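Taking it in order: structure first as structure tokens, then the write-up.
When the chains are written out, they are named A, B, C, D and E in that same order, and each has its own residue count from 1.
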Amino acid sequence: MKIDRRCFLSLGIGGAAGLALSPIPWKLADDSAIWTQMWPWTPVPADGEATYVKSACTLCPGGCGISVRKIDNRAVKIEGMEGHPVNDGGICLLGLSGLQLLYGPNRVKTPLKRAGERGEGKWVKITWEEAISEVAKKLGDIKEKGESNSVACISGSDKGTVPALFKRFLSVFGSPNFMRMPSIQDSYEIANNISLGFIAQTGFDLEHAGFILSFGSGLIEGWGSPVRMIRANSSWRKAGIKVVQVEPRLSNSAAKADKWIPVNPGTEYALALGLAHVIIRKSLYRNDFVHAGASGFIRFRDLVLSNYSPDSVEKITGIKKETIEALAVDFARSERPVAICGRGQGKSQGSLGEVMAVQALNVLVGNINKEGGVFAVNDPAYIAWPAYQSDAVGAAGIKKERIDGAGSGKYGFAKSLTNRFAGAVNSGSPVSLLFVLESNPVYSLPDTKDVKDAFKKIPFIVSFSSFMDETALNSDIILPNHVYLERYEDVPATAGLSKPVVSLARPVVSPQFNTKHAGDVILLIAKEVGSPVADAFPWKDYQTCLEGTAGDKWKILNKEGFSSDPAFTAQVVNISPGRFDLSGGVADLSILFTPVNSEEDSKAYPLFLLPYDSFRIANGYIGTPPFVIKTVEDTVLKGKDILVEINPATARANGLSAGSYATLKTPKGSARVKVHLFEGIMPGLVAMPRGLGHTAYDNYLAGKGINVNELIGTVEDPASGLDAAWGIRANLIKA
Amino acid sequence: MSTPDDKTKGVSAETGGEEAVASFKGVDEKEQGEGPGGFIVLFFIIGFVASLIIGWVIFPKLLYSQKRQPVDFNHVLHVETVDNGCESCHIFREDGSYAGVPKLAQCADCHQEVQGDSPQEKIFVEEYVAKEKEVPWLVYSKQPDCVFFSHTVHVKLAGMDCVTCHGPIGESTSLKPYEENRLTGYSRDIWGKSMTGIKKNSWDRMKMDDCAECHEKETGRKSSVQTDKDACFVCHK
Amino acid sequence: MDSALIPRGVKRCPTWQFALWIGAAGAVLLWGVFAMLLCWFKGLNQTNMNDSYGFALWIWADLAVIALGGGAFFTGFLRYIVGKDELKNIINYAVLIGFICYSSALLILAIDIGQPLRGWFIFWHANVHSMLTEVAFCLTCYFGVLTIEYVPLILENRQIDKVPFFHRLGHNMHEIMAVFAATGAFLSFFHQGSLGGVSGVLFGRPFGYREGIFIWPWTFFLYTWSAAACGPCFTIMITKITEKVTGKRLVKQNVIELLAKISGWMIGTYIIAKIIDTWYWAKVTAPAAGFNLMDFYSNNPFYGIWILVLEIVICGVVPAIILTSEKGRKNPAALMTAIILAVLGACVNRWVMVLQVMAVPVLTFENWVMYYPSWQEVATTILPVAYGVILISLSYRYLPIFPQEQELNPEV
Amino acid sequence: MKEEQSKEKVKKFGMVIDLDKCTGCGACMVACMAENNVPFKEDESKKLDSITWLRIYKLTNGKSFPDADICYLPRPCQHCGGKGDHGHSPCVSVCPATATDYNKETGIVSQIYTRCFGCRYCMAACPYHARYFNWWDPVWPDGMEKYLSPNVSVRMRGVVEKCSFCFHRYQLAMDKAYYEGRREIEETEYQTACTQSCPANAIAFGDLNNSGHAVYELKKDKNAFRLLERLQTNPKVYYLSSREWVRRAGDNYLKDEKK
Amino acid sequence: MFPFCFEWMWDMSHMVFMGGLWYALTIIGLGMTFCIGKAFYDTFFDKGKDDNHH
């Protein structure tokens, strides 16, 4: 008897046979198969009850209604609100990406106080009590020194209750310096002010217009209320409405238009005057409407007839005189023709002369104040709060001149000239404390270096940003606001709408972090600052304030999500014929109608840099979310490189080829760019998109491309103080 | 060349010899009916039985972890007090989706206060209702994420009863332990109660083939180009 | 040291030299293994493949090694079925090369798929309409056959052969080898063909698409044929390289010439068929989809008409002429040139049918997509070469691969 | 009996995209990403490994300034019916593991991520580049996974994914119908996310077989065309354009060929 | 692959394709079983030890 290796062999065989007849191999194989179908690290979204919450989007001034799909208490998708007068179910890509902002990594999660140098990104977390008392103490000190007017606020908008609360706070406290970020609204406001005698927005009933003449407006690229504009475009397509786009670059709007007329940049005003020339010469204008006898009209007529014949306009604009003649006739003979301006998305102000010249076309054809025409629209009327009492310091402070000069002297017609803010601070106007609300001036104002210098001069900066943006990064204290999906807020949509709508943003989800509504925070600061400021804010909290302000509309706003009752939203002003002064009361019309030139050396800078707006890149307060940056074409952004558009002829002249690197130089700075050849851009121009080159935010956005604001500056319009720059001289050198 | 060759030859002869001896011995002993022959069989049986025991007894215990439900729920007690059977609590929502295990709010309709003298109810009210915390129920029949399962179509359209897939859970007075497959993380009720893979009841397993079997029988649809059965997207997402 | 393992009557290099050689190849192998692990653990983002290049270097390598490994099935077919008895002197090596090629192909496929652990789905959940299913099945089965053909060779190792069981097993397997060889030929016919079908059935890709009969596009037959034609050339090429490296003659010239002659005729007939196919495709199939022949060979930095000329004329017609002529075969330089060209031809054909298919834009508003492999792809593609070198070295050293070696290299 | 019933119900979901209305704004792309849990990574500028089920192409007419023209063309999965519309689309029959399928009752080409093992043969087969491979593990920044929808499976690294015509919306709509005792749904009840979001209303979606649906008439428009029709892929996405050069860009033509 | 797999259909494609496959597998399987089985048998019962094929 001997146990040899064959016994062990036998044991093994027996074991294997037993194993084969046991569930181990089969079950394990099956289970492994299942295991490989879903790795443990791949997220599995929890299921639950699906509900929809109606709210409003605040990511741009468009004022769209949204409907947010929720699964239990998670928001999972933002959709356009069906039946909303602005967007009726449609929604833009930025609005769709809102949840990436809500749940994104770039939120400021709790009040922060700066620990290191400004912009260094070192912060200590503080409580809300500490944060508010700190700000209140600073304000107290300022007031004590009697320098209440050195407090300023830059807000993304001046519409709605939250900006109104901030403005009220400043006023009671004793500062006139409530500013809003610059836009074409500034220009339209001044134009209305000088030609009609009151400040109003301009609204366009584009849905019913019969002919659209756009002077570089990105009608389908985010101008006005973007979704509404795209919907209007579709209705034009359907009805066969003619659209003519005047622009140096084949933008999407130009491509979509029936006719694209390339124009020398900055000479759009001259084309408008040339068209006016033809219209007047051929007596195609509405005599009854312009009141031929009015002195404003006569001065205007004399000017255009003598200086802006198609011949001379051809020289200025580069557009053939035949084209001008034909366009003028086409425009004037059409039913309900509308001329419109505001470059790109209308984020820049432009010259007053351009707005006046374009508005003159609308006036000449009499398409004012009627269906398919142009309207003057007052600011929303529903914010009517009781008067307040301020103390002596406050009363004196509010009477002082604004830092940006708006409202006094030669800037008398302007409401806000934030474009002048940085220059004013740098040249000595003191700002001791700055509130920054829903805006990112360090990033989005032109001439970044200038703005940064100005910010360095301001001793205390309070950011209310929900996100760690460039301005928040350069502030001293951050009081993070809820994002719009976590808060109540009235959202007036006024951008270019002839019938304004007020929507209600509602908390779709409970606040995700230790943030506070900016409306509540300003109320708390007011309380902490004490009388008389505190007395001007009698509300328990922001929601009470909003409910009280909305009054009997509160219920409707909650139920429908919006109100378009003109009595509530804003009053459309009735403009009687002849009321519109085409000369704007300006003594020397040649100052109004003058080309905007950079005075720099044309030898060192033979080209022009033209910033352009892209729908797929957010360029305001909101940084482009990951989904949106994903849609950016690789002819615009490749890796970290930005691509500038140039005509192949320009490329040849500069020894460049598709995809090659170049140094883009302007008087303001230089940047390394890549070159994209595009037949749709005028030779001699270099086009660069706005909205890239963020230094703050997360890795999905930061460090990608160049911020065009670093390369451009401001050019002050002598007639208005507006920033009339449309670009800057530049050179492109092969790198 | 010759030396190493010789050496190897020598070695090989040796080994060969051993082999030969061993096998001759084997034959010899076999003839006598004694020796390793018996051991060979014995060892075979030992190996065989040991693997069977490991496979059928120990392996299942290792494969599944047992978890207790947070609250021991008595189905019988509840079914008696409601009018509409299972659907009284396991409701369909108006959008046609199925709510599954009731939410706390539903339970709290009745259980705001402790109703009876069950210690489990006391735990439920004190730990969950009072603290407004959802009960982390372990769902026996939870399907993998890739599965789209519509209760509506099975219950409302096809008129199936709950027992077909869920078994007589409504007749239980206590919740059985939840057995989770350690490898896949799925419930044993879905992935096969019996280790043999043999189903005694329709609810013993709810894998794809089980669904497909019934679908083929009941719907007879041949919408899939690939399989001539129900198309993939009928049950998957 | 390892002399006990070395077959009798042959001379092998000293152990240290052998170890050094294996060490060098092993280092390359490890590099490849490292890249392979990267691909497995980090995913296919380690490659330069992209959504336009779902099939790239690896699939080419797969197709190429299988085509070249086709020498095994065709030589086996000639030896066992047709009865060309002389070929028994090279069949062992053909089998070994085939074994290396096929195991490499399987390994590359295992790296190439996005979810390697689910790879068996191709069997379990097979879709019989897919050419790839056919490839996977036949490839795996034929790999099994090659293993069966290779095992008896291992069993003939001097030490293993002493174990009676292995000795008998080897003997038994030899006895019925013809059955296995026949099965292998059957499987090979289909999987070589279905590899051709892989791009031939893509009716969305006018560059690859070919008409055919039943479910089989013409490329199905062309691939089988070209593998049968060029595979033996690869066997000859590797044999010649082995002879160079070892400094010995291992196979008699008449055997080589016989195989080369058959190959020559196969290449000749293949290339005629290929020319007809190309002509029909250029004149009928592609224009029906809106493409001129030159659309496929212009507007891009790499793929010019030269590649078609290279494949068909230089690597097809030329070797066919050389190998079919007695004079060409007798001239060692001409023979080697022809052999190398034929091997290159098969590789170019596979390259074009994989990578150029991906490169050609089909939507009018898309551009040509160029691709170059990442180092991980290159390393994993070289891995099989290193593995092949090692396996050949081990087999050559320890197994009686070349029956004629002793005779050709008599002891002095 | 069963056969007859199913014949009645045979639907063929498809899309008609009006390129005259399309502004290239990109809302459809993002709507699709948001609806379908599409992952994103830090650098998405390499378009060849960027997952966009619906991609907008920018077409140019090739002329020089100032005659240049551009047109945007959104490209979802075309849900090809294949030769003779029998469901043998280019990708379906090549999948070795039956991970992609064609549903004869809806005309939708499905992709089952848990079945796919990532051989990418379907991608090689698709002339529209509508299929995308997960080269990377999908990773959401901490907290962002909260917005993931439970209606669409999250994909894992190493599998192919593509547009499903938001089939989960069909499933949910059918559920609602069944709950309300209906067996059919209205046109508006099942619309894809891109269709719903499009600010320009450029996308129409519905049953191409149903004369009551908008797409039924739209597809017969004289300006309607499909991409690469000559390949006999038989796509279910139609495009409308009044511009001849755009229509011609939809397919390949020999140099002197008249359309 | 097997008739009990979800994807299996009793149609021509499966008959031809899977038929061919199983045919090949059967030959390989039976062949190898024969070789191994015979070798086992011969070894255990010490048969045919001296046959040599080369």
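One rule holds in what follows: a residue touches a chain if its C-beta (ideal position, glycine included) is under 8 Å from a C-beta of that chain, and two chains touch if they have at least 3 such contacts.
Everything numeric in this text was worked out from a predicted model, so none of it was measured.
J.: Please report the smallest number of touch steps linking subunit A to subunit C.
T.: 1
J.: Suppose chain centres are the mean of their C-alpha atoms. Which chain sits farthest from subunit B?
T.: A
J.: So, comparing C-alpha centroids, which chain is the farthest one from subunit C?
T.: A
J.: Closest chain to the protein CA centroid?
T.: Smallest centre-to-centre distance to the global C-alpha mean: chain D.
J.: Could you grab the centroid distance between subunit A and subunit D? Build each centroid from C-alpha atoms only and quote it in angstrom.
T.: From the centre of subunit A to the centre of subunit D is 32 Å.
J.: Round to the nearest whole Å and give the separation of the Cα centres of subunit B and subunit E.
T.: 34
J.: CA centre of subunit C versus CA centre of subunit E: separation in Å?
T.: 26
J.: Would you give the residues of subunit B that are in contact with at least 2 other chains, written as numbers and ranges?
T.: 23, 26, 95, 97, 144-146, 226-227
J.: Mind pulling the subunit C residues that touch 2 or more other chains?
T.: Residues 115, 118, 125-127, 129, 133, 164 of subunit C touch two or more partner chains.
J.: If you look at subunit E, which of its residues touch at least two other chains?
T.: Where subunit E meets two or more other chains at a single residue, that happens at 6-7, 43, 46.
J.: Where on subunit A is subunit B touching in the complex?
T.: For subunit A paired with subunit B, touching residues are 1-4, 6-8, 10-19, 21-24, 26-28, 31-32, 34-35, 37-38, 40, 44-45, 47, 49-50.
J.: Tell me, which parts of subunit D touch subunit A in their complex?
T.: 18, 20-21, 23-27, 29-31, 33-35, 37, 40, 42-47, 50, 52, 56, 58, 60, 63-66, 68-72, 114-115, 137-138, 140-150, 154-157, 193, 196-202
J.: Flag every residue of subunit B that touches subunit A in the complex, lowest number first.
T.: Within the complex, subunit B touches subunit A at residues 22, 26, 34-36, 39-52, 54-56, 59-60, 63, 93, 95, 97, 99-100, 103, 144-146, 181, 183-186, 191, 195-197.
J.: Along subunit E, where are the residues that touch subunit B in the complex?
T.: 4, 6-7, 9, 11, 43-46
J.: Note which residues of subunit C are touching subunit A in the complex, please.
T.: 115, 117-118, 120
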